[in-house]
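Just below sit the structures, each encoded as C-alpha cells.
In the two complexes below, chain A is the common chain; its partner is chain B in one and chain C in the other.
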Partner chain A sequence: MTELALSPDFAPGLLAESAAARVTLIAPVARFSLRCKPASRATLARVLDLPLPETIGHRAHARSREALRLGPDEWVLTALEGDAAGIAADCAAAYDAAPHSLVELSDREVTFAIDGPGACDLLSLSLPRDLDGIGVGQGRRTVFDGQGVVLWRDEAHSFRMDVWRSFAPHVASLLATGCRELALEM
Partner chain B sequence: MLLIHCPYCDETLPELEFAYAGQAHVVRAADPSSQTDEEWRDFLFIRDNVKGVHAERWQHVHGCGRFFNALRHTVSDKFLTTYKAGEPRPVLDDTERSA
Partner chain C sequence: MNPYRVYGKGRIDHRAPVSFTFDGKTYEGRRGDTVASALLANGVHLMGRSFKYHRPRGPVSAGSEEPNALIGTKRGTGRYEPNTRATVQEIYPGLKTNSQNTYPSLKFDLGAVNDAAYMLFSAGFYYKTFMWPKSFWDKVYEPFIREAAGLGRSPTERDPDHYASRYHHTDVLVVGTGPAGIAAALSAARTGLRVTLVDENAEAGGTLLSEPQAVIDGAPAWDWLEAQLAELKALGVRVMTRTTAIGYYHQNMVALCEKLTDHLDAPDPDMPRERMWRVRAGQVILAQGALEKPLVFDGNDRPGVMLAGAAQTYLHRYGVLVGKRAVVATSHDSAWYASFDLHDEGCEIAAIVDTRADLRADLVEAAAARGIEMHLNHSVSGTDGRLRVKSIRINRMRDGKAAFGRRIFCDCVLMSGGWTPSLHLFSHTMGKLAWNDDLTAFLPDVKTEACQIAGAGRGLWGIEAALNDGFAMGAAAAEALGKSGATPTLGVTHDRTGTGVTQIELPTDRSPSSARAFVDYQNDVTAKDLRLAVREGMRSIEHVKRYTTNGMATDQGKMSNINGLNIAADALGKPQPQVGLTTFRPPYTPTTFGAFAGYHKGGHFEVTRKTPIDGWAEKNGAVYEPVSLWRRAWYFPQNGEDMDQAVARECRATRESLGIFDASTLGKIEVVGPDAVEFMNRMYTNPWTKLAPGRARYGLLLGDDGFIRDDGVIGRMSQDRFHVTTTTGGAARVLNMMEDYLQTEWGDLQVWLTSTTEQWATIALNGPNARKLLEPLTEGLDLSDEAFPHMSVAECTIAGLPARLFRISFTGELGFEVNVPARHGRALWETLMDAGAQYDICPYGTETMHVLRAEKGYIIVGQDTDGTVTPYDAGIGWAVGKAKPDFVGKRGLARPDLVAPGRKQLVGLLTEDHSKLEEGAQIVRDPKEAVPMTMVGHVTSSYDSVAMGRPIALALLAGGHDLMGEIVHIPMPDRIIAAKVTGTVFYDPDNTRLKL
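Then we have the complex of A and B:
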C-alpha cells in the first residue's frame, strides 16, 4: 500500500495505490461549461471542431478536445491547458451567429484518475448511483460524499472524477482510506 | 432510499442526487400589483398539505440540473410519476391514486 498526501500546490502524481485500486491526481486541463439552445449547437460544434452529443451522459472527442453532455442545454468541455485561449476566442467569434454561454472552469476543479480491479467498489463507498448505469465511454454529473462531481468512465475499471478544488483534500483522503480498506478484504 | 425518475435524464436515480423544491403549479400573478393582500398571502404561504397525491417540484441538482414535477403519495411516500416542468399535471387512474 502506497499513500501520499495531496500536496498544497496540487502537484500531479500518485496519491494511493493498493492491490484494489490506484488513485492519481492528473495534470491540469482546460475546462469550460458550454450552454446554448438547440439552434446554436451545430454552429458551435463546427467552430470547436468537436461534436456536441445529443444525449445526456454521452461524450465525443476530437484530437485533444472532449465534450460531455451534462444536461438538456449544457456540456462540459476539456482540452489541453494551452488550448483554452483558442477555444474562448473561437466561440466568441461565433457569438452573433450562435448565441451561447461559455465559462472557463479550468481552475475550479482538479481531476482524480481512479483505476484498478476494485475501482467500482472504491467509488461505491461514497457514490449512491449504480455504476452499471454509466457505460464505458460515457460520463455523468453526480454526487460523491455530498460533493457534486463529474465522473468519466474511460474503461470498465478506469474512471476520472472532477472534484471542486476546495473539496479535493477530503475526497483524496476518502479515496486513500478506501484503497487501503478494500485491499484488506482481498 | 427513494429512487426518483428524472424526466430529462430518463434515468431512475437515488434521492441523494435530487433536491425537493416545494409544491408544484403555484403560479405567480402576471400583474402582482392587481392582487389583494389575501391573494398575495395565499400565493406566498398557503399550500395544499394534502393527505394523498401531491404535485411537487424537484431539482436534479447533482445531475442535469433541471427542475421537474412529480406526483407523490404523501402517505406511502411513493413516487407515482414524474414529468417535465411546464407540462400539465397528469391524470392518474384509481389504482395509482390509492397507492
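Then we have the complex of A and C:
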C-alpha cells in the first residue's frame, strides 16, 4: 500500500496504490461547460469539429477534443491545455448563429484517475449509482461521498473522476482509505 | 472438557479448543461456538441479571432475538461493547466477556432487592412515581431515572475501530438463508439475474442447520445445503454471512450491516470492524422465517428455561445439551421433536407437558416408545431454583382451570408457545398486515415495495413447504424483472410439519397477581403488568406498550410483542386486529453507531473546503472560522496578539495604507446567453439593461415573499455575459434558486448558468495604496479613476496571469478584487505580498472585513437580515428597480405586512457609555417597564471600531428609521445599557475614500 498526501497545489501524481486499486491525480486539461438549445447543437459541433452526443452520458471525441453529454442542454468539453483559446474562438465565431454559453472550468475541478481490479469496488464506497449501467466509453454526472462529480468510464476497471477543487482532498482521503481497506480483504 | 458437549455433533470444530473468559473465569469452548453455546457446554446458564428486578437470567434463545443473555465484550482498549448478545457473539482466543447489571457479583447481586419489592415496580411505575412534588424533578427523579436507564455500561474510551460502507446493486436481494431463501436465490440466479443472498448468522443454512434429519431431494439436509451453496457460488450469487438486513427503505433500498472482525482471533487493526451496505435491489425476497414464542407462566425466566427450538439448535449446531434432565412445556408440536432429539443424545426427558388435550398419534407413540412421561391438557404454574431452574410445577386442567400442582425435578425447561412469522423488514416498508386466526398471527398482506415473502415468514410450516415456496418466489421475482425460469418442486422426507395452539398466560392454581410470568424478558414486563395497563385505561396496543414498556427494549419485542398483544386483547375482550400491532422500526437488531457513521469521523467527518490561498494563511498563523463548509482565515495574530488587538491592527493598516484579503469563497455564477440581461432583470431587484459592459453593480436578490435572500456585486463582462457574485454561504442556494426559475418558469429564455466559484481565486485589495500596488503589475488596463472608476470590471493581465479585475469595495476604501484561475491564486497572493511590502501590506481576515463593512453600514445577509427583512427595512430600497415590470419578490414587497408601519428596520446604535453591545441582545424602549418588557428589536452587529474610536453597532429596531437620535435601552444581566439610534453609515458617509 502506497499512500501520498494530496499536495495543496494539486501536483499531479500517484496518491494511493494497493493490490485493489490505484488513485492518481492527473495533469489538468482545458475544460469547458457548453450549454445550448437543441437547434444550436449541430452548428456548434461543426465549428468545434467535434460531435456533440445526443444521448445523456455518451461521449464523442475528435483529435484531442472530447465531449460528454451531461444533461438535456449540457456538455462538458475537454481538450489539451493549449487548445483552450481555440475552443473559445471556435464557439465565439458561431455565437450569433448558434447562441450558447461557453464557460471555462479548467481550474474549477481536478481529476483523479482510478484504476485496478478493485476500481469498481472502490467507487462503490460512496457512489450511489449502479456502475453496471455505465458503459465503457461513457460518463455521468453523479455524486461521490456527497460531492457532485463527473465520472468517466474509460475501461472496465479504469475511471476518471472530476471533483471540485475544494472537495478534492476529502474525496482523495476516502479513495485512499478505500484502496487500503479493499486490499486487506483481497 | 465440556461436560455438556455431545462429541461428534454440531457444526463446531471439536478438535479446536478456544479459551475465553466470562466474569474473569476462563472457559473452554470450540471453534464455531458462540459465547452462549460455549458457556452452556460448560453447564453455565446464568449469564446476567434482568434490567428492572435484577433477576438471574440465562439464554432463552439461540439467535439474534435473545433478550436475556446480554453481556459486555472486550477486546483491548476502547473495544468494549455492552449488551452484546451472547447467542450471537462468536468466541475467539482471548475474548473477554462479562455479565451486566450485577453488583457486587452475578451470583450475589444487591440490586435483586428490587425483585422482592416488585409490587412497587408495576406498570406505569415511572409515570406514577415521578410526578410530584415538582421540585424533586431536577435533583432527585431525573438523576435517578438517568442512573437506572439502559442496561450495561456505556464505553468511555474512543472507539479505535474503522467502519466501512458500500453501495451495492443487485437484481434480487434475498434475506435469509434457510430453505426458502436458498431456494429463492437459486431460482432467481438460474435465470441469469444478479442475486445477493444475506444472513445474519455466521453460517448459511438457517433452519437446515438445526434439522439435519431432513432429507431433501434424496440427500441429507446438510449435504443438500453444501451442494446448493456450491451451485449459488457457481452462478455468481453473492452470499454474505454475518450480515444483517437492518432496515428496508423506500424503493427497495435495504441497509445491511456486515460484521467483519468481531469473530476473528487477531484482526488486522486496519480492517474495518463492520460495513454498512446500502443495497438497491430490483426485487427483494424476504425469507426471514419465524421466531418461536415463549410460554407465559410464573418463573418462565429462570436460567435453564429456554425455547425448545433453541435447545434443538444448541444440540445440532453446537453439539451442546442444555441440560441432563429436561421438562418440555409446549403448545406446539415442534417441541416434541426437540424432545426426541435431546432424548436420543442422552438428555433425560422427565416429562412433556402439553396444554393441548389431543395430540397427533405419531408424536404420542414416538414419545411412548422412548419411555417419555406425557402430561396432556396440563398447565405450568411455576418453577423453582435460585440461579438455575431446579423444578417445575405442573397442573392438570379441568374446565379451563388449573388443578392443584405437582413438582417435577429438572435442570432445564424447554418451552414452546408456537411460532411467529418475522415481519420486521416487511413492516419497515409500511406494508399492510392481515390477521390469521388459525395461526394467531399477523401475516404480510398488501405490499408497498417490489418484494416477495417466502416460507415461514408468511406462515408456511415445514422445510418442504418453505423450500418450494422459495423456488416459487424466486421465480416470481425473476418474472417481475422480465426473466422466466423453471420452478422446481422438491420432496422432503423426515420433515417436521406440525401445528399448535396459541396461549395467553397459562392458568394457575395460585394467585395470578403474584405470578411472575414474563412477557418481555429484557424490560421485565409480566402478564400482570399488561392486564394492569388495560385496567388503568390503556386501550390501544401502542398505549399498552408505552405504559408497560413491553417490546420497547433493544430486541424490539421479537418474543414479547405477540404474547403481549394476545394478553392485552384478552384483557380487553377484543380480537387482536382491533387492538393492533406496534410498529417495527429499523434497525432489525441493535447496530453500532460506528456502522452508521461509516467513514465520517475524525478528519473525514465532514468536508472542510479550503481556498487556494489557505496554505499561506495556515503558514502565517491564521486563526480560522467556519463559514458554511469553508474554513476561512478569521484573523492573523502577530506576536501574541489576542483577537481584538489583531483585528484593530488589521483595520488600521487597511484604512491607512493597504490590506489584502482572500475572498475566494465568494459564490460566483456565470450568466451567459442572449437573454442574460433579461434574466438578470427578472431575478434581481436592480435594473440591469442600462449597465454597460465593463461596469458592475450591487445586486439584491429577494425571495417570492419580498425578503432579502442574498446579495453581491455583479459585473457585466460583455453584452451577454454577467459575472455574478453571491455570499459565501449562499452560493449553492442562489444557483439552485436561479435554476429553479429558469427551468420551471422561464424555459423560453436563452440563458445558461454555470457555477464558477472554484474556477477563480479572488483576492481583495483595499486601502488608499491599493492602486499603487496594482498599477505596475497590470497589463492591458488603465487603472486611473477616470478610466476605471469605482464599480468597474475588466479582463486584463496581472502579474502575468489572466485576470478579471473588479474595482469594488466592501470596506469603504479604494478597493479592487482580482480574480485569477484558481491554480494561480497562491502565486498571485505571494506576488502581491512581496510587492506590497513597501506599503506595509496587511493580510486581514473575516473579522476585520466585518468591522470595516459595518463602519460603512454595508449589510451582511444572514447577520443583519434574518429572512424577514425587506430592502426597505435594511435601508437599501435604492437597489429596487421601481420601474421594472417584474422581478422575483416584487409582488411580495407589496403585501400589506411589508408596507405596514412599525416594521423592524436596520439602524445604527451608539452606546451612551461607549461600551460594546452584545450581538443578539434585545432592545426595549422603556427600561422601567415591568418584566416581561416589550422587546422592540435586537442587535445584529457590534464591533469595536478603530476608525471611529468607539464601539458601533447595527440593530433591527421596530420603526427604527423614525427614531433617529432617540435613546433605546439594552437590558443585560448586570445592567441596562442606553444607546442612541443613528444611521447605519458611521465612517466616511460621503464616500470620498472610494473615489481616490
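Throughout what follows, the second predicted complex is superposed on the first by the 186 of 186 C-alpha atoms of A that agree within 3 Å, B and C clash if a C-alpha of one lies under 4 Å from a C-alpha of the other, contacts with A are read in each partner's own complex, and residues count from 1 in each chain.
By our rule, a residue touches a chain if its C-beta (ideal position, glycine included) is under 8 Å from a C-beta of that chain, and two chains touch if they have at least 3 such contacts.
These figures come from a predicted structure and were not determined experimentally.
Student: Just chain B (first), just chain C (second), both, or neither: which does A:Gly71 touch?
Tutor: The first partner, chain B, only.
Student: Examine A:Arg46 and indicate which partner it touches, taking first as chain B and second as chain C; both and neither are also allowed.
Tutor: In the superposition, A:Arg46 contacts neither chain B nor chain C.
Student: If you stack the two complexes on chain A, which partner ends up touching A:His100: first (chain B), second (chain C), both, or neither?
Tutor: It touches chain C, and chain B stays clear.
Student: A:Pro28 contacts which: chain B (first), chain C (second), both, neither?
Tutor: Second partner only.
Student: One more residue to check, A:Pro128. First (chain B), second (chain C), both or neither?
Tutor: In the superposition, A:Pro128 contacts both chain B and chain C.
Student: In the overlay, answer first, second, both or neither for which of chain B and chain C A:His170 touches.
Tutor: It touches chain C, and chain B stays clear.
Student: Between chain B (first) and chain C (second), which does A:Arg108 come into contact with in this model arrangement: first, second, both, or neither?
Tutor: second
Student: Between chain B and chain C, point out the one touching more chain A residues.
Tutor: Comparing chain B with chain C, the partner touching more chain A residues is C.
Student: With the touch criterion stated at the top, can you tell me which chain A residues are shared between the chain B interface and the chain C interface?
Tutor: In chain A, positions 128-129 sit in both the chain B and chain C interfaces.
Student: Quick check: in the complex, which residue numbers of chain A touch chain C?
Tutor: Contacts found on chain A: 8-10, 28, 33, 35-37, 73, 95, 99-109, 121, 124-132, 145-147, 164-167, 169-170, 173-174, 177, 180-181, 184-185.
Student: Within their complex, state which residues of chain B touch chain A.
Tutor: 1, 8-11, 13-17, 61-66
Student: Contact residues on chain A for chain B in the complex?
Tutor: 56-57, 70-72, 74, 128-129, 133, 140-143, 148
Student: Note which residues of chain C are touching chain A in the complex, please.
Tutor: 162, 164-169, 194, 260, 268, 270-272, 278, 280, 599, 603-604, 607-612, 614-615, 630, 670, 672-674, 720, 750-752, 754-760, 821-823, 826
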